[in-house]
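This is the structure I want to talk about, given as structure tokens.
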Amino acid sequence: MSLLQEVWQAVKAIGTGMATVHKRVYEEPPTEFYPYVLPDLPPVSVQSLALVENEDGSERCIVCLQCERACPAQVITIERHRNPEGKGFLIDRFDIDLANCMYCAACVEACPVSSIVTIQDFEMSTYDLHTLKADIDFLHEQARRSRQWYSPKFGVEIRTEDGRIQKAPPEMQPGGLAELLKPAEEEVDS
Amino acid sequence: MELRMKQERLFDEDVYTVHPEDYRALCEKLKAEGYDFPRAISSVDMGYGLRVVLHLTRMSDLAKVEVRTDVPYDDPVVDSVTDLWPGVEWHEREAYDLMGIRFRGHPDLRRLLLEEHWEIHPLQKRYDTGGYPLPDWQPKDWPDPAPWEEPPPPEEPEEKAEGGEGE
Amino acid sequence: MSTISLEPVPGRTDEMVVNMGPQHPATHGVLRVVIGLEGERITRAVPHIGYLHRNHEKIEEARSYTQVIPYTDRMDYVSGTQNELPVVLAVEDLLGIEVPERAKQIRTIFFELFRIASHLVWMGTAMLDLGAITPFLYTFWDREIILGIVEKTAGARMLPNYYTLGGVRRDLHPDFFKDVADFLDHLERRMPDYEHLVLENPIVHARTKGVGVLPKERAIARGVSGPVLRASGVAYDVRKAFPYDAYPDVEFEIPTSPDGDTYARFWVRFQEIYQSCKIIRQLLEKTPKVGPYKGKAPARLRVSGERYRAVENSRGELGVYVVGDGTDKPYRIKHRGAAFGNLQVIPDLFIGAKFSDAIAILSSLDPVFGEIDR
Amino acid sequence: MSYIPIPEDKHFRIKRIGYDPGRSRPWLERLVYSLYVFAFWGFVVATYAGVPALFDWLGWDSGWGYVAMRATQVVMLFLLSAVIALMLILALRKYLGKVQERYGPMHYGPAGGIQTVFDALKLLGKEDFVPAAADWLTFRLAPAVTFVSSFAIFAVVPFASGWTLAETNVGLIYLIAVSTLSAYGVLLGGVSSGNKWALIGALRAGAQMVSYEIPLALVFLAVAVWSGSLSLGEIVDSQMGVWNVVPLFIPFVLYVIASLAELKHIPFDFPEAESELIAGYNVEYSGMSFAFFFLAEFVELFLLPALIVVFFFGGWHGPLFGLEPGTLAAGALQSLYFTIKTAVWVWVFLWIRATLPRYRDDQLMEFAWKAMIPLALFGLVLAAYMRLIWR
């Protein structure tokens, strides 16, 4: 009798498994149609690096070499010279080897002026590895083409239609929960 | 037999620093005390020699212990404890592979991670990185290894690290 | 890694030496086991590792402690932030950094999310090794949701580089609590399906019960840890034994099984998913929505002293031994891989088993070669 | 490096080959895959009714004309088997896709409908390669042996009443003889490859064949005893009132299990267990030789469900709506019933493939020798006893 029960249990379990599998046929698959539809990436997503300029086109970077020092993979190369008129430094060379970069965003953490930022453009596939050695023009162009970027100091910033740079609303920010919760508390208080 | 060793307490574990010749005897003693779970064997290049660090746990009361012993560069040999804890087999092979410490009595002391024909032990500080951007290494200011006295005074924890005698 | 140490025995024609790996589909990466086969029965087995060796430990000696953290991510690449925690804990111990309570809770939530993710990957790949393709795609879709939640807060999916000295790098995304609660609901709807497909399946029973038995004493002496040790009946869990972060404040059980066979390892991992769900649900209620997420860490690190810290990774005890020499770079940093310890039992379990059993046993050990070869 | 502007349509985001992801089209998929079943049916009708009618009309219905007619039918069946393979591969991929929460093939043709044609073209374009360690002649011969022995089963399968290539009265014996041969192809291919994995796979295939063939033969015997004939046409005829599955339930279950083993289908796919033996016996095959193994596998995936229908589910039987048996219309309707019943069984096999993991090879052998053979003997005795009582 126990043998029959065992056989019945086995048949029942296999039947349940097959029913479990077949019921997916009637559900819509969660497939993303990537090449046709771009995925909706969160604004803090680290996909590539860019070098943001100010609204008037002047350089935001103050060439302090903090990012070069912070980089674990040592892919950032910066050369600079002292500004002959005024103070500070000017950039001679600002290269990031995006092929060796491991996208840990340590440089973005280190930047005191939020000049180097993370952006969401991930389509960097190429036939030639050397094209991934980004120079300053490339990094500027990356920033000009992107509509939003993230740095820990200023949070998520967006570029408006008329070219101005401003901080994104709190629901896009990491830690924006504090700002979102604040007015609610005030309402409760008043 | 009196073991040449020092004992200290670091955070939540007992640390024994032991003469390499007494390493095996101490391990047997610890095994008899019920330390049954071998967690790892670490190896450190101390600048004056190589250090073997054995981490053990006792499953019954979760006591942790660390056994350290220092061996000289030119004769880095300690006794293997594979027969006491079979679990250290690969850890000893890794220490041999990357640091160059040889374990006497290990059943299968081959290179574990690197290829067999390699002749260098990359975790030693004098290892030439071949131009890879590593900072130049200078010997750090570890205390010089004082030679073991015969027998060692039982209470003199004046120095943090004790090195191997010999050369 | 070495040359073949398993030469055919001269005069013995009934034994065939086959080379399983490093390009074998069921070796979860680049394991190579040289196997002596007598028909279908394994007579000898010699594992070779090291095909993914990068020498993390040497690289990390030239990096500062904050720069070490993203490198540790690359060890056990299936369980993301779990690798960062031992280094962070050891350095926090040595420097005496205070971690805010909320930061600890956030770390623990991420830790358990990645445990679920890792066990889901294990479930899919183990069933793939047993021949069923379908659970693989189901579990990877569920893991995808976890990775999406992680990406929203930490910025990256698999290798987030999220923990830092004194807490975590960023505050949580506004949707975090809702997303995690939704995911847990979704997972609890899906878990019965996985039980039907994996645990209750009679073919899985036939393949795994009584196969690859690891006795309790042997398991302890071999230094295995994690689900493999707990399936042998030892209730050793670093989360309970040496609690860290927010684990002292939450209630959970350590699932153990006295059998020690492959099925017990399957079963223990399933129960761990349920326990992780329980932990995360408790923490979601406890964690304040707003608060500090990072303690004060000194800008210039001067770490001296030595410290071994371990955490309970999804594969077992993941430890790190940090030797500081008073600078901001580790003098020596040694990683004790959980799967590295577990993989040593291959000769114990393989010899005498059938070749098909070897595949099932290997999948139940759940090795990840980023961590084993380091 | 200077910045090179990238055109916006670099990933065909504007061109959109073939598929509009905005619209899910389950009705199109259903339509296309039903049409395939009907296309298959049309092919069958053309082979068994069209070709004889054509030769009748030409007047070549005796002597060499008859031989030419049969030869044409064989060629048609060969084309049909290629069509079957393409359709079944597509169905397998689509169904696995649906079951695994993805879409399956969807880019080429309506709902991915001609994807496998391109796959076949790709296989044809590959280098057909003989490894140095292989035995050349055996290595080349093995795919042919496998395919021919699978294809030869077509000779006795009745698609409708009288629609058989060879209406012989020893059909069952022929079936046992021919279907066993396909394991020899696998055995030869694996052993001659000079590869250890292929050798293990081949030996597993041999051991498996020894295990399942005996219960299979006993099941055939039970069917023959119950139906009173060895001819497949007469076996189908005898199921006029009640299908064999009711009286012969135990042999039916055993036959399904043995068919799965003979197909090297998922719970018993030891010879090519891809997670254990990489690809098993066909690990060294590429290009057209591999395609022939593949073709044989999928032709068998059609033929064994078809034989299940013949033996246990009444073959071509179904309501004829007053049509005279033997006419063209009745034959067409009967072959349609047969096709649909077979399609259902093929679907069941695909479903099993989507769900179950793999047994261990010695477990199948143990099961076959210790459980299936006694059960088959019991079924045989039961069938004989019932035959004595009821017929």
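Just so it is clear, A, B, C and D label the chains in written order, and each chain counts residues from 1 on its own.
By our rule, a residue touches a chain if its C-beta (ideal position, glycine included) is under 8 Å from a C-beta of that chain, and two chains touch if they have at least 3 such contacts.
The shown structure was predicted, so the numbers you read here are calculated from the model rather than taken from an experiment.
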Leaving out subunit C, the still-touching groups: A, D | B
- prompt: Taking every chain's C-alpha mean, which one sits closest to the mean of all protein C-alpha atoms?
  reply: C
Query: Measuring centre to centre with C-alpha atoms, which chain is farthest from subunit D?
result: B
Message: Nearest whole angstrom, what separates the Cα centre of subunit A from the Cα centre of subunit C?
response: 26
Field: Where subunit C and subunit D are represented by their mean Cα positions, the distance between them in whole Å
entry: 43
Task: For subunit A and subunit D, let me know how many angstrom lie between their CA-based centres, rounded off.
output: 51
Statement: Note: subunit A residues in touch with at least two other chains are 14, 17, 20-21, 30
Message: Can you pull out the residues of subunit D that are in contact with at least two other chains?
response: 99-102, 354-356
Statement: Residue numbers in subunit B touching two or more further chains are 133
Field: Chain contact graph, described as a line, ring, star, complete graph or other shape
entry: other
Task: Please give all chain pairs that are in touch with each other.
output: A-C, A-D, B-C, C-D
Query: Of all residues in subunit D, which touch subunit A in the complex?
result: 1-4, 6, 10-13, 16, 19, 21, 24, 95, 97-103, 351-352, 354-356
- prompt: Within the complex, which stretch of subunit C touches subunit A?
  reply: 63, 66-71, 73-74, 134, 141, 151-156, 159, 161, 169-174, 176, 193, 196-197, 200-203, 289-290, 293
Query: subunit B touches which residues of subunit C in the complex?
result: 1-3, 5, 49-50, 53, 55, 57-58, 61-62, 93, 218, 220-224, 234, 236, 241-242, 305-308, 310, 317, 319, 321, 323, 325, 329, 331-332, 334, 336, 340-341, 343-344, 373-374
Query: So in the complex, which bits of subunit B are touching subunit C?
result: 10-13, 36-40, 42-45, 53, 55, 59, 62, 64, 66, 85-91, 98, 110-116, 122-123, 127, 129, 133-135, 140-142
- line: So, in the complex, the side of subunit A touching subunit D is made of residues 14, 17-18, 20-22, 24-25, 27-31, 33, 35-38, 123, 130-131, 133-135, 137-138, 141
